[in-house]
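Everything below concerns the one structure shown next.
To keep things simple, chains are lettered A, B, C, D, E, F and G as they appear, and every chain counts its residues starting from 1.
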Amino acid sequence: MSRIGKIWNALANPKRIPRLYSLILGIILLAGFMIPLALNDNQLYPRPTPQLQISEQDPLAPYDRGGIPLIEPGIVKAQYPQFSEKIGFVTGYLSPIAWSVSNTTLYYGTSIYSSPGGLIDEILYYTRGFDTVLESSILMMAFVIASWVALNFTMRREE
Amino acid sequence: MANILLNVLIAFLVGSILFGLQRKIMARIQMRPGPPIIQHLLHTLKFFIKESSFPKTAAMPFYIAITAMLCVIWVAAVIVGPVTGGSLLLIFAIYALHKIVEHNAGSSSGSPYGKLSCVRAVFSAAAEVPLFAVLIIIYLKSGTMVISNIISYQTIHGPLLYSIPLAAAMFFVLILSKAPYSPFAITKGKDIVSGYETEHFGLLRGYLMISESIAWYMLLWVFLTVFVGGLSPLWYLAGMIVLTTITAFINATTPILNPNHSIMMQVSFAVIGIVGSIVLLLYI
Amino acid sequence: MFLDFINITTVSAAILLIGTLGIIALPKPLDKVIMFALLQSGFVGMIVAGKYLDVAMAAAIFDPIATVIFLIGIIKINEVRKNKETQKEEGNLV
Amino acid sequence: MFDPYIWFYTGVALVILGSLGTVFGPGVKDPIVRTLNTEIPAVGVSLIFLTYNHTIAILTYIAATAIITLILLRAIVRLEEMGAEL
Amino acid sequence: MDITILGQQLLGYIPLGDIVLYMAPLNLFMFVSALVFTTLIAISRTETQVEAEFGTLKDRGVKVDIKEFKIRRFLAIVCGLATAGAMITGDLFDFTLFVCLIGIVNIGIVSAVKQIDVLNAAFQYGLVAMIATLPLFGGAALILASTGTISLLEIANIPTTAMMAFGSILLLLGVAGETGVAPFYATKAEMFRTPGSPFLLIIHLSSLLVIVRLIEILLIINKPF
Amino acid sequence: MSETIYLLYILSFVLGSIVGLVLSYRKYKAPFTIEKIDLLALALSIIGWSLALNSSLITFIPYYITITIGLFFLALVLGMRPGYGTKETFIGIIIALIIWIIRTVVL
Amino acid sequence: MSASVLVPSVVSPVVVSLYVPAIFTGIIVGLIGLLAISYQKNDLSALILTDIVGIGMLILVAAVGTDLAESLILPGLVVELAEIMAISEILMSREMRKQGEKMGEPGKKVDLIPLPMSLDMEILTTAPAFMAIILIAYGAFLSGFTGGAIAGGGILFYVISKKIRGVPSGMWEGVAGVSGVAWCLWLVGFIIFFAFPDLWLLALFLAAFGIFIKVAFKAGLVGVMGREEFKKE
């Protein structure tokens, strides 16, 4: 009993907790090798085979999802299209700079689609916009914490 | 509305009397005469005519609101449970809130005893794991989370007490940990005066005691409903008296444990219970 | 043919692996930074093989930045350690 | 169709070798060496992103790695400066 | 969408694109109580801890100073809102993000204090929270891979596979790590020794409510029949 | 409806206990010493327990009223100050049980 | 190009065939990191090793290989970055307090050895402005998270290599304030998206540039933090 008591007491030491946690997690991850894992190919927002678009010399590769800017929406397989009235319009939109870039070079698809409009914006700001609110809130909170600690405690100050 | 009021009143009165009964039985086991059964109820009522005073160090609106919250959530539990037969998960959510309120009633006063009780309450949050395990096991067995459906499941298949006895045992440990003077009642151990209630006087203490009585009644009610099935009120009363008597026997004969040990003991019970229940579910 | 295997992808892969082994095996931080540059160049080569020029560009710009950050850190930490050594020696002399 | 497999398995090799290096490699007692070693799995994971054509993720990850490195180095230098015993 | 989740009739839903916030009685109850507590915190003062001094018969009051009070109240309110959000979200990934936000804010609430032991506990808790991102997002990703969706309303109709069960176990561990429940509670209990009761409430509140909500999610993912 | 009745029972029990406590403090000044049986309490206890357990014997009053009255009386004795009323309660229970057995088993 | 090439109805078989190896890699990496942490005594090393664990998580998410997976990687990345930042600060704060207590002044600041920055690297005198301009311009073109991270990297690099010592607190507050305003802009963008879908273009630009400014400035402030000095007024 006293030995169990000692173990119980040791478990209450904060320094041991991350170690214990990672050990338990590691053991459970091992189960992943025994479970049949397979990718269900019927996914939301599927994308073409890797390198397919770029080898077909598509200037918008690898994020081309069709559509004509401001006229016709692109093709997007979202979960609830009925809740997103303008679905695909964001995907089909190219900002003027992006448009001119796409006409001059074949290999700048990533940049074109990172600039306003495009698939990632569709997902990040429209169909799954709430996620973006959260993730940038996480960043902001972490920054608030870090900068508060830094300004008040850890940074050297010249009074 | 009248129904709710009725049930709340019943819960309060029966809970108080059960607490009194528990004290009486414990006293008799320890060869003392003990207070009358009605004592706990009188105690509660007494606080409503005492003067209320507030410590200077308290965190102000919070300190008062927290007692009201405790009352409100247990009234809500009565509404979910006996009145409407709603979701079991909801009752457990209420129980989780109860833990939080209990812990912050302690810390908001600024008293060192309350603080210790608060830290211990956080410790004992670890003991809520069996609670959630119980929920999952019940769901796996009966396939529903709604109390009225669980009752009808039991009328067909017999009480769950026989098919998942380990889950019932885990739940009983939880009930035990809520009983005053139990080996797991570290938040209200006499080494920290009255735990989280130390700095609550008058009206506030009255509210705390009312909600504790309702909580005790509700816990027993949930145990009887979920593991034995729908009973007539008389049988509920009998079951509650039996459970209270058992806890009284345990409490009277065991010492209070050290906080770490109390938690780890509960967690160990939980591990045995969970593993055992899963084995039982798989092979029987 | 054997030569068929020599294209930008395989060469970059080879550079990457050499860089990896170098970073792991060499114990001195400054040597590691040099091997890190090798690793980065292999990485840029890989992206170029994928024909994503803009990504390669960004990677190429961030490569020196990461290196400089490492250099600053290493120089600073060396200085700190040296200072400590001298302080200790002074303490011994006193 | 051959390239993605090379990227992928190079990435896998880099990630695994790199993390092993970070954990057991020579001289990892020195935190700065350990931080340098974490760059290898970072490159490996970028290659895995490249296989799946997650190019925007690569761009972000490259930038984020630089920032993470800076943060870690700042912590290492500060702690060393203080002479902290961890 | 006329759906019952775990025998509860849906009272309504708020669609934000693919992320649908849904309100069943359980979710609504927890949402409201999280908001009530948040309001309480926003309007409360902090308590003064009284400690006995060594050597004399005097007492010493330990207070939260105003700068610390402001930042901690801000973080506590954010934590309360995040908890409220986690209660009604109908999207698995959204839930994990809320949990992450709660985790980081919890660390922040205690990081502003000055006791070394508390800081140590906060750091260790932070380590656990960081490690926990692996099972948290990994579990969600495994569920996404095996079902092709991360909307709980859809997952409720998909029969359970071993992979989903594995994913949900990882999810459980992830949430346990992020919110610091048993048996990883020790880091948290240490943090509770610092003054500032209303802010500590939210740490505890968020973890317990999130666990209840997680149980609901686990039951939605793993169907026994 | 049935819940109202149970509330009634509980209330009468509580009231009985309180009244019993107050009266017994008036009556006995010394704590826990008297060994002899209090005849009044004995009578009340027997009446109370018999009424509570055998309400169906009295047909001209609704059963819940008899039980309520019975509970009030038995609580009066049960709720007396510590040390008093125990023996009386036991005798009351035994007599009531005997009546109950005669009523249900024998007849 | 045909629509089926642009957006297929199912995930491509290449991705499906790579799924199991990818997941195994993720799990192995996670395992290595976790087991290393579990016997690691040094807190700082444990912090660095969590980076490896995070990489395992990224692989698990990326292996799904859809657009959704990619947009889920970004939060993962951000969370990692954010938590490392906050936790390393706490670690430093803890150690400083420990040192202060050792010197017998509980709660007071440690007197650190003043360190001259003796960095005479060529790259730090000529390159920063140029590189920062390129990165900020490119980041502005990209916008969004990615652009923010890239431009932020540029600002960070510029700030860290500047010669002036001691960052005035006014600048800090100013930059933080601008990023707060950007955050509001971007939230307004979201609300427009859901409330008035017809104005999606406006919403798109608000959201994209709001988040760009925010992320970029935050990352730039990390650079300020890296300079270690702070001039309090």
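Some points to look at:
Just so we're on the same page, contacts are C-beta pairs under 8 Å (C-beta built on N, C-alpha and C of every residue); 3 or more make two chains touch, one makes a residue touch a chain.
Computed from a prediction, not measured in an experiment: that's the story for all the values here.
Farthest chain from subunit F, judged by C-alpha centroids: C.
For the criterion of most C-beta pairs in contact, the winning chain pair is A-G.
Averaged Cα coordinates give subunit A a centre that lies 27 Å from the centre of subunit C. Separating the CA-averaged centres of subunit C and subunit E is a span of 40 Å.
For the pair subunit F and subunit G, the distance between C-alpha centroids works out to 75 Å. If each chain is reduced to the centroid of its CA atoms, subunit A and subunit D end up 19 Å from each other. Shared interface positions of subunit D, defined as residues touching 2 or more other chains, are 1, 3-4, 51-52, 55-56, 59, 63, 66, 70, 73-74, 76, 78, 81, 83. Multi-chain contact residues of subunit G (touching two or more other chains) are listed as 14-15, 19, 23, 30, 33-35, 37, 43, 46-47, 53, 63-65, 68-70, 72, 74-75, 78-86, 88-93, 96-98, 112-113, 115, 138, 142, 145-146, 150, 153, 160, 193-194, 225, 228. Among the residues of subunit A, those touching two or more other chains are numbered 11-12, 15, 18, 20, 22, 25, 29, 32, 37-39, 42-44, 47, 50-51, 62, 84, 109-111, 114, 120, 126, 128-129, 131, 134-135, 138, 141-142, 145, 149, 154. Of all residues in subunit A, those touching subunit D in their complex are 47, 50-51, 62-63, 109-110, 113-114, 120, 154. In the complex of the two chains, the subunit B residues touching subunit E come out as 56-63, 65-66, 69, 73, 76, 86-87, 89-90, 92-94, 96-97, 99-100, 103-104, 107-112, 115, 118-119, 122-123, 125-129, 132, 135-136, 139-141, 143-146, 149, 263, 267.
Contact residues on subunit D toward subunit G in their complex (touch as defined above): 1, 4, 8, 12, 15-16, 19-20, 22-23, 28, 31, 34-35, 38, 41-42, 44-45, 48-49, 51-52, 54, 56-57, 59-61, 63-64, 66-68, 70-76, 78-79, 81-84, 86.
Remark: subunit D residues 1, 3-4, 51-53, 55-56, 59, 78 touch subunit A in the complex. Residue ranges of subunit A in contact with subunit G, taken from their complex: 15, 18-20, 22-23, 25-26, 29-30, 32-33, 37-39, 41-50, 52-53, 56, 58, 64-66, 70, 74-77, 84-86, 89-90, 93, 97, 111, 114-117, 119-121, 123-126, 128-129, 131-136, 138-143, 145-147, 149-151, 153-159.
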